[in-house]
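Next up, some structures in structure tokens.
You will see two complexes here that share chain A, one where it goes with chain B and one where it goes with chain C.
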Partner chain A sequence: MSEEKLTQIYIMGKAYDVPAGITIMDAMEYAGYRFIRGAGCRSGFCGACGTVYRKDEDYRLEFALACQEMVEEGMHLTQLPFTPAPRSKYVLSELNAQENVLLQHYPAIARCVSCNTCTKACPQDIEVMDYVQAALRGDLQKVAELSFDCIQCGLCSMRCPADIKHYHVAQMARRLYSVTASPKPEHLTTRMQQLEEGTFDAELNELMTMRLDDLKQRYAERVVEKKGEAS
Partner chain B sequence: MSQADVGQVRDGYPEYMRESIAKVEATRAQRLKDGSPKAMTAEQREHVLQEWHPDYKADKKRALRVGPSKGDRMPHEVVDLLEAYPSIAASDIDLSSPDFEVQVLILGGGGAASVAALFAHEEGIPTEDLLMVSKLRHGDCNSVMAQGGIQAADRAPDSPAIHYLDVLGGGHYTNNPELVKALVNDGPLVIDWHEKLGALYDKVDGKYLEAHGGGTSRMRMHSAKDYTGLELMRVIRDEVRNVGITVIEFAPAVELLLDEAGHCAGAVLFNLETEEYVTVKASATVLATGGFGRLHIQGFPTTNHYGATADGLVMAYRAGVRVLDMDSVQYHPTGVAYPAAILGQLATEKLRNQGAEPVNIDGESFVFPLEPRDVEAAAIIRECYGNDKGVTTPSGIRGVWLDTPMIDAIHGPGTLKSRLAAMWMMWHRHGIDITKDPALVFPTLHYQNGGVEIDADARTTVPGLFAGGEVAGGVHGKNRLMGNSLLDYNVFGRRAGISAASWARANRAQTPSLKHVDAFAAELRSAGIKTERKAPMILPDYRREAVLERQLKILT
Partner chain C sequence: MTGIPYFPGCSLKDTAKNFESSALYVMEKLGTPLEELERWNCCGTVSSLTTDDLMHHLASVRNLIRVQDLGQAELVTLCAMCYNTLARSAQRINADPEERDKINQFMDREFDYEGNVRILHLLQVLKERIDWSKLDTEVTRVLEGLHVACYYGCTLVRPKTVAIDDTEHPTIMDEVLEAVGATAIPFPFATECCGTYQVVDRRDLSLERSFRVLQSATRAGANIIATACPLCQHNLEEALRELGGKAELGPIQIVYFTELLAAALGMDAAELPEGLNQLLTQHATVEGGA
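And then the complex of A and B:
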């Protein structure tokens, strides 16, 4: 391993020399920070480490997850580990998907000025503004599809000039879309009935009471369903 | 930690790796035609595990000297934790008027905790009598990061019994049969519940899109792209919020409380921001605090979240609960080996169930891609260190290729990007396009196979204390299969919530105390254990040594 190359970053305005080629999160720990907030799954799925930064000489703010984004020379950064975004309470089974239920629960979506700042803030590269527009039209399917990769970090809502709570809107839309337009497969209903009737109890009890050697034999002889995908 | 100067980098990989990638490309068409190597026999599996799996190295373990599982051999890191002294003593804490008094207290902020909370509520515990407490934010957990899927035997060619056999065989027949029965029988019920909550599973023509996982004999892996854990966690969390259950974040439990009858009576929490303690008296307590990935057993990197420090194990052990199968650790076969910035992060098994196979430095396949995880991991370690056919990274670790471009070659262009969006994004952020180039992988610490002893109703041996999810043992024996952890947290989270609710309705906690903690400390002393170590650990410390050496405690 060759000698460590250092790069200078600014954590909340204070300069630190950190190794090049590591994530913002690792760099902050290298610099001496011990996280309480601002670190979660450390793999890009939980949205705990939303980070805002600006590069030297650049006027723009950029947005990232600290656990996924690499440090760059002259990066000025701070974390936004909490988003105070209220959500609407609802009983899923009582919602009527036919009415514009998203607009009723989140009227702020009507104030969208199509500035696209939300989309630019998204570390998941989601077309946030497009799904807000779809929400306004009541197009649940479109919202569900476009927002599916959302990790709910809240950076979109922190930036929005119309104070839309994008990720809450999308969460409600996905759940509603699921229960109204993506029906439960029949084979699941059938299986639930079979379980209710105890169809498999004898088969299972046989395995549970079998001698270990016989069980191993049964395992070794089990037929593996042809590889691929069933639907 | 840092990445050394790697010289010329082309499309995310250093130039020197391109020679090996070219070999992978050169053999791809033939490998696609021939199919992957055949699955191993029981003897072959046993052999590769004995020779190469990290669990089978005797010198990496020792016997525990105190407590109800005294004498059990476990990794040094786990023994160090269980033999550490408590951070608090009975005399430190005023329990005379608890800050909260509830019927059901739920410790944890992940999948099992959330499911337990919802079912305790459904069983009649009102929200004002229900409290969830979490170390990090609600949902900053391993459940949210699970990618590949969840098993449930809901298709006609499948049955709970077939699922049972897969689980037992994968776990080397060390699982508790009653727990496995609960796991497999509740599978379809769990999926049905998710449907009611509005989770979006992958479907085609009105049926679930179901695939194999390592060690399955039927296709029963349900998925939501490769965001399965995220989709389930955010829907379940959203419902916890809808119901209005109180969640106190950044307030992990540091010890359980017991009453004179030896029943669990709540917990002492620690507000991580104000550093105050908080006391909770509860008639029933659910332990859903997850596993031990951040102990970095045998120095492995981990896929686990920041708070996976096995606190629940420590607390329950001091309260008298046995721990099971703690000698076994799940190393996920495919963690990221390159780039170093995301070392050890998860490369989901779904990559393999969609057709990607492990390939060595010369472009040769060497293992059936869907062996149970311990076997697959051992085979990859053997290829790198036994057969010397690994690719060495600039930071000096070895890995094998996971030939991801095979996925689109098999299923058609665009498949990887749509079914494995998270994986595509993870490497894309580092300049690597896994639809074009393979990914370099090596096993990474992934899951605590064992844990605290529970029965099929998620009861521990301490009355009033229930447990579910990764903190509990016995379900997976000595090796968990893919897709059974999401199932586990739903099945046993639910059972823990229901059992806790019914216990809390029938029993009132008496005067809580920390005497058992003092007694445990006394036992450590009389066993001659001299150490500065304290537990629970709460959070790992990744600060640089040079900083820690110069720290002054002026402000404390």
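And then the complex of A and C:
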């Protein structure tokens, strides 16, 4: 068996040798760190593990999802468990999308100086500054479209010199846009009705009482979408 | 790119949509269409005067880079505030290679700004590049009977370095509106401040200043005021609504100068402000009956 190739990294300033080619999150766990917060789906979707790092001899602070980015020789790592960013309270159905409600709920967007630091911080390569600018002029559609890949990791808001809560602004815009401008999805309406009528209650109760092995088998054999069923 | 590169600014997409729609209509009709930059950001709203505060010029410079990316060297604005901010930033950054370099270093994801973009206000394009003598005589009849007080406010004419006309006695808007048949009424408060963003926390002060502008215009015999700035428009409208009942103020309408041009050039009445339509109908009836 060939010897495992190791990479030297630094976590909170202390050097560790970890196997090459593993993710930042795996490397930190390898070094003995245990994630109670700041880890979620481990697949690059939930946004819980947004993190920063530096490479040797590079002036830039880099941004990534710890579960996605591979470690490199000389990387300096730390853990950011969470980005505190208060969210405005609103009842979607009571909002008037005609007025610039984004500006009313998140007035800090008017403080944007177009420095683009948010965009540089985004691990999803979203044009964050551009959607903040669209929010400023009340263009819900543009905010919704540009921010579609946002996973709410919050790195943008952690870096912003104007203290804008980008990802909350974008989420509000997407919600507003979907209730005011997008067509109502038929399958969702049907499914909601079925749920309320208890169509799946018996099936769900059956699953609750099944043995783990049977449940696994049922899961493996499941049909995600029946042929001809509206998606 | 088929038209002149154009920067709308945030207000024109929100509270001043009629300013933009009328301007686009006019320029299309005149055969010199405006073409909105595909990607743009807020102008920065106020041009920072602090010598070491380059951060607040980033917004403007990014917009200049969008123009440069198109291979163009001019950018037209409608909002007087955007005009002022962009023009002052452009002047400063165009003239100072060291500051330009510093900004370029910071904006490492953009192409370097080379310092060659000039900011124009739509009034300059209308005055310098349109041959008004070729206008159909039908056009000049529409605005007959309209006594327009052209309100410039501050940002089109101050400071002198970015003034689009004489700082004390500008006439550029008067000339353009007279070219389409309106009667321009000079009035003493044409370049007084409306109170600008003081309206946010010193509303009384702003309303009082704007009311004095309205008073000055009506006393001079105007029945309509033309503006070139969403904030001036807002403040004058607020003053009219709140203090307009005062006896010493005659009947007066407040519109964007582009709405008057659009009316003359045949924009559908449904797209124009109701007050302007009423005024136009009144005068057409008077003319017709005479």
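In the analysis below, the second predicted complex is superposed on the first by the 182 of 231 C-alpha atoms of A that agree within 3 Å, B and C clash if a C-alpha of one lies under 4 Å from a C-alpha of the other, contacts with A are read in each partner's own complex, and residues count from 1 in each chain.
The definition used in the following text is that a residue touches a chain if its C-beta (ideal position, glycine included) is under 8 Å from a C-beta of that chain, and two chains touch if they have at least 3 such contacts.
Quantities reported herein were computed from a predicted structural model and do not represent experimental measurements.
Of the two partner chains, chain B is the only one that A:Tyr90 touches; chain C does not reach it. Once the two complexes are laid over each other on the shared chain, residue contacts for A:Gly154 go to neither chain B nor chain C. The wider contact with chain A, measured as residues touched, comes from B rather than the other of chain B and chain C.
In the superposition on chain A, A:Asp130 contacts chain C only, with no contact to chain B. Contact with neither chain B nor chain C is seen for A:Gly50 once the two complexes are overlaid on the shared chain. By the touch criterion stated above, chain C contacts chain A in their complex at residues 10, 13-14, 39-42, 44, 55-56, 58-59, 62, 106-107, 109.
Interface residues of chain B, counted against chain A in their complex, comprise 1-5, 39, 41-42, 136-137, 139-142, 144-145, 153-157, 159-162, 164-166, 168-169, 173, 177, 181, 184-185, 188-189, 191-192, 195-200, 203-212, 217-219, 225, 227, 229-231, 234-235, 238-239, 241-242, 244, 250, 272-273, 303, 305-306, 339-342, 345-346, 370, 394-396, 421-422, 425-426, 429-430, 539, 541-544, 547.
Taken together, the chain A residues at the contact with chain C in this complex read 100, 112-116, 119-120, 129-130, 133, 136-139, 161. Only residues 1-2, 4-5, 19-23, 26, 29-37, 39-46, 48, 68-70, 87, 89-92, 124-125, 144, 148-152, 171-172, 174-179, 182-188, 190-192, 195, 200, 203-204, 206-208, 212, 215-216, 218-220, 222-225, 227-231 of chain A touch chain B when the two sit together in their complex.
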